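See the structures that follow.
In the two assemblies presented below, chain A is common to both, partnered first by chain B and then by chain C.
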Partner chain A sequence: MIAYLSNLATLAAIFGLLAATLNFMVGQAGIFSVAHAVFMGLGAYAGAQVALLVVPNPLLACLAAAVVAGGLSLCLALPALRVRGEYFVAASLGLQMMAVTLFTEAKPLTGGMGGLVGIPRPSLFGVVIPVLPMALIALVLFLVLMSAMQRGSFGRTLGAIRDAESAAEALGKNVAVAKALAVAFSAAGAGVAGALFALHLSFVNVESFTLEQSVLVMAMLIVGGTGTLLGPLLGAVLLLSLPAALSFLPFIPPTEIGSVQQIIYGGAMALLMIFRPAGLLGDQKRGRSEA
Partner chain B sequence: MLELQLLLGGLQNGALYALTAAGFALIFGATKVFHVAHGATFTLAGYVFIGAWNAGWHPVLGVLAAMAAAVAFGIAMERFVYRPIGRHEGGFFTVFVAAFGVSIVVQNLIAMVAGRGFANVDSPLSMASEVLPELFLAPVFWISIVAAVAMFLALTLFLSRHPAGVALRALAQNADLLRAYGLSSSKLSILAFALGSVLAAPAAILTAMTSGINEAVGNHVMLISMAATIVGGVGSLRGAALAGLLLGVAEAVVLTVLDTQWAEGASFMVLFAFILFRPSGMFGAAVAR
Partner chain C sequence: MTIALSCQGLARSFGGVQAVKGVSLSLPAGQVTALVGPNGAGKTTVFNLITGNLRADEGSATLHGKPIMGLKPWQVARAGVARSFQDLRLFQHMSVRDNVLAATEPAGWFWQPGGASARREREAKADAAIQAAGLSAVADARAVDLAYAERKFLSMARILAAEANVWLLDEPASGLDLSSRERFQGLLHHARAQGVAICLIEHNLDVVMALADRIAFLDRGQVLAEGEPQAIMRDPKLAAIYFGDRQ
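Presenting the complex of A and B:
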């Protein structure tokens, strides 16, 4: 039971980090990406390769993950500079589909469908440490960073771009750099979450980085509420405990639990958007005009 | 000959993409709703036809049932999802998330009811025969081309000649002015959704007859429709249809050098290139920024 709970807590911290970084992109910068799992995947593969080939040092793995994911986030930043709204969602959706193909085919780097197996336990200075404390530290670190940025000049620049891009540009804000930085920061966070995910499971394959995963992270954000600090965490905890809660219901056949779970969160997304578009913790008045 | 074979296959797929994309573009142009659940319409129509076929119905009845299901789903989305969100002035992302949620529900319901994995319809129409040396074509090829051309012509005629079609075009251009003239924009929205959704039905049926469909096919269809609408230029049905055809052929051309799993990548590269270099698309006027 303790092992089960600590596993759930680790996953909640990892997915909380994913949802919170996606929130930074969506809520702060107004860049509506449905390709967050791509950067989680890049980070997971980078972190796993570092642990497999170099040393199972979690700090090094996270650093490599952040650099790879943040660097390749340019793929997402480029279309974000050109188009907004529906167009960008379509572009990020395409990127997600493309990335899954690449992850499956680049077998030397990712192991394809078979994935990377036997990732060693993370250890620091020769001591094996569990992933849970590291995930919690990473989560708190990113949350503090993000709330600092939100209040600082960078966050306000992003807010200005989100609300009126031309006006922000007219006031001398460098829109391209601000957007690219926001995307890179968010992707780096997702990369760190991916590396921790790989170290935690000691196995990764492409199945964890599909469109479904991106949508799950988005659903966590939506359920919790975009633009809030704690909303994404609440969403992550709620949606991760859903499968566990469902398995206690005797009348659902075990083979259909996956489907029922997806139906519940798909339905929750639709119903929330119709009746409470700013999420559970969101400011309802604000959500109406911009979300 | 392999190249020609693949090219003709690409044309067939492209014709079906063109139909689906034209439906998506019609809805987006007239109502400004990015109907992400269009893929779900496609999946639903395909499975209704397969169900009717397996139950031993006459194929014509099956086609009608599939079309009815598509139209009913489209109208239901308009009435129960997009309209309430529009009433409290939700932004595009609200609409996108809600439609995406519904797509997930539809996909999983279909998986639970019809089972996972590929389902298709075996009919003599999908049997390929050698028309030229080393060139195989099934009757479905001709049906796809004819169906696409016929439906597109009918749609163009309707939009240019019939009063309701003209009103739809007016709605696309200026909804406020349309209301000022006393026409009902909500009735016209329903018409747009019905027309757009019905276009997905034949494409779904013909896909079920050739390569088969699975419960997740909607994602692919959704991506193709969105890509074709953007590549074609928003507001241009002709552009969307042409872009759908182009994407189908592009996928086939990619197959001559790479494996099948890269086909989707080809569509994405075309979309990406257009977004980076020509965001207004082939026939679009204004750049959407």
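Presenting the complex of A and C:
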């Protein structure tokens, strides 16, 4: 039971980090992306390769993941960020589809459909350490960084771009640079989450980085509340716990859990959009004014 | 008389429509120039061409003698040209203070240069702009929650804080009541006295006559006349065009 709960907590911390970093892009900068799983994937493969080929040092794996995901996000985002709003959503969707194909075909780097197996347990100075504390530290670190940025001038710049891009430019803000930095930071965080995910499972393949995963992370954000620090965490915990909680209910046959889960998700989302359109912890005034 | 901003032969067409053709304009420092003309005359397009929001088909523009045509909007802004928008474009979900602070922080990096002392200076500048615009009582309110006149003044506070030496204002006084309009005129008189070159698009002729040192009359993308406000407004041909009574 403890192992089960520890596994759940580790995944909640990893997905909390994913949702929180996506929130930085969506809630803070107004860049709607449905390709967050791509950056998670880039980080996961980078971290896994470091552990497999160099040393299973989790810090090195996370650093490599952040650099690869953050760096590649710049190459991918700079052309895509020339478009706004729904056009960027479409561009990110294209990126997501393309990345899944690349992850599947780049067998020497990703292991293709079979993925990378036998990733060694993370260890520091010869001592094997569980992923949970590292995931929690990474989560807290990114939350502190995001909170500081949110309250500072960079947060104001992103807020200005989100609310009125042309007015932000008219005040001298280099919108392209600010957006690229926000995407790179967010992607670096997703990369770290990916590396921790790979180290936690000791296995990674393309099925973890599909459009469904990106949509799941977006759903965590919407349920918890965009633009808030803790909303995405709540969303991650709720969406990850629901399947586990349902499996404990004796009156639901195990074969029907999937269907029941879909009904609950659908009903909860509909109720949420009616009664709390900005998410559980979101600014309801803002949600309603935008709704 | 020092010319702060000058443009020569600006032209721009959209498809088959020539929105601006050969507009030349000079904005002297410490003067208010009003761009007047009927709807669709090309006034806002001229602003968009100067600020880089639109690319000109022809023409040039200089700011204190340096060419600015072809620069991006943020580069024109950093060179010293501030503008307001007809639809205000406030940062709706940010507080009044953050709206104004954002105008003092042009750098788009993770941090602003200059450390803590520069930050204190920016905060002082923002507070002064908020006070000058009469928004101190609502400094912590979100822009979206402000009354209409307060939103107009917030738009002006951002421009005050940006410390630009050329202001391009697109219908800044529309919808203001008499007392708000007087307060607004006071802000512009003060800026003019500080040497700011102001160009104003305005349909309210009382405001134009109270503020403008010069008027440029635009119609169908062309400057038809330019000169002293009294002379321009007395011209019966221009009045006929303005009031939609053209033959």
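Going forward, the second predicted complex is superposed on the first by the 259 of 291 C-alpha atoms of A that agree within 3 Å, B and C clash if a C-alpha of one lies under 4 Å from a C-alpha of the other, contacts with A are read in each partner's own complex, and residues count from 1 in each chain.
To be clear about the criterion, a contact is a pair of C-beta atoms (placed from the backbone, for glycine too) under 8 Å apart; a residue touches a chain by one contact, two chains touch by 3 or more.
Remember, predicted model here, so these are calculated numbers, not experimental data.
**Q** In the three-chain superposition, say which chain, chain B or chain C, touches more residues of chain A.
**A** B
**Q** Could you look at A:Tyr87 and tell me whether it touches chain B, chain C, both or neither (first, second, both, neither)?
**A** A:Tyr87 contacts chain B only, not chain C.
**Q** Now for A:Ala178: first (chain B), second (chain C), both, or neither, which partner does it touch?
**A** second
**Q** When the two structures are overlaid on chain A, which partner does A:Phe154 contact: first (chain B), second (chain C), both, or neither?
**A** The second partner, chain C, only.
**Q** Between chain B (first) and chain C (second), which, if any, makes contact with A:Pro79: first, second, both or neither?
**A** Touch status of A:Pro79: first partner only.
**Q** Applying the touch criterion given at the start, work out whether A:Ile129 contacts chain B, chain C, both or neither, answering first, second, both or neither.
**A** A:Ile129: touches no partner chain.
**Q** Applying the document's definition of touch, where does A:Ala164 land relative to chain B and chain C: first, second, both, or neither?
**A** It touches chain C, and chain B stays clear.
**Q** So, does A:Met98 touch the first partner chain B, the second partner chain C, both, or neither?
**A** It touches chain B, and chain C stays clear.
**Q** Where on chain A do the contacts from chain B and from chain C line up?
**A** Residues common to the chain A contacts of chain C and of chain B are 289, listed in rising order.
**Q** If we count contacts the way the header does, which residues on chain C are in touch with chain A in the complex?
**A** So the residues of chain C touching chain A come out as 51, 53, 72-74, 77-78, 82-83, 85, 89-94, 98-99, 101-103, 105-112, 144, 158, 162.
**Q** Would you pull the chain A residues touching chain C in the complex into a rising list?
**A** 149, 152-154, 156-157, 159-160, 162-164, 166-175, 177-178, 181, 227, 283, 286, 289
**Q** Under the touch definition given earlier, write down the residues of chain B that touch chain A in their complex.
**A** 34, 80-81, 84-85, 88-105, 107-109, 111-112, 219-220, 222-223, 226-227, 230, 261-262, 264-265, 267-269, 271-272, 275-276, 279, 288-289
**Q** Touching residues of chain A toward chain B in the complex: what are they?
**A** Going through chain A, the ones touching chain B are 26, 32, 78-79, 82-87, 89-91, 93-95, 97-98, 101, 104-105, 165, 211, 215, 218-219, 222, 256, 259-260, 262-263, 265-271, 273-275, 277, 288-291.
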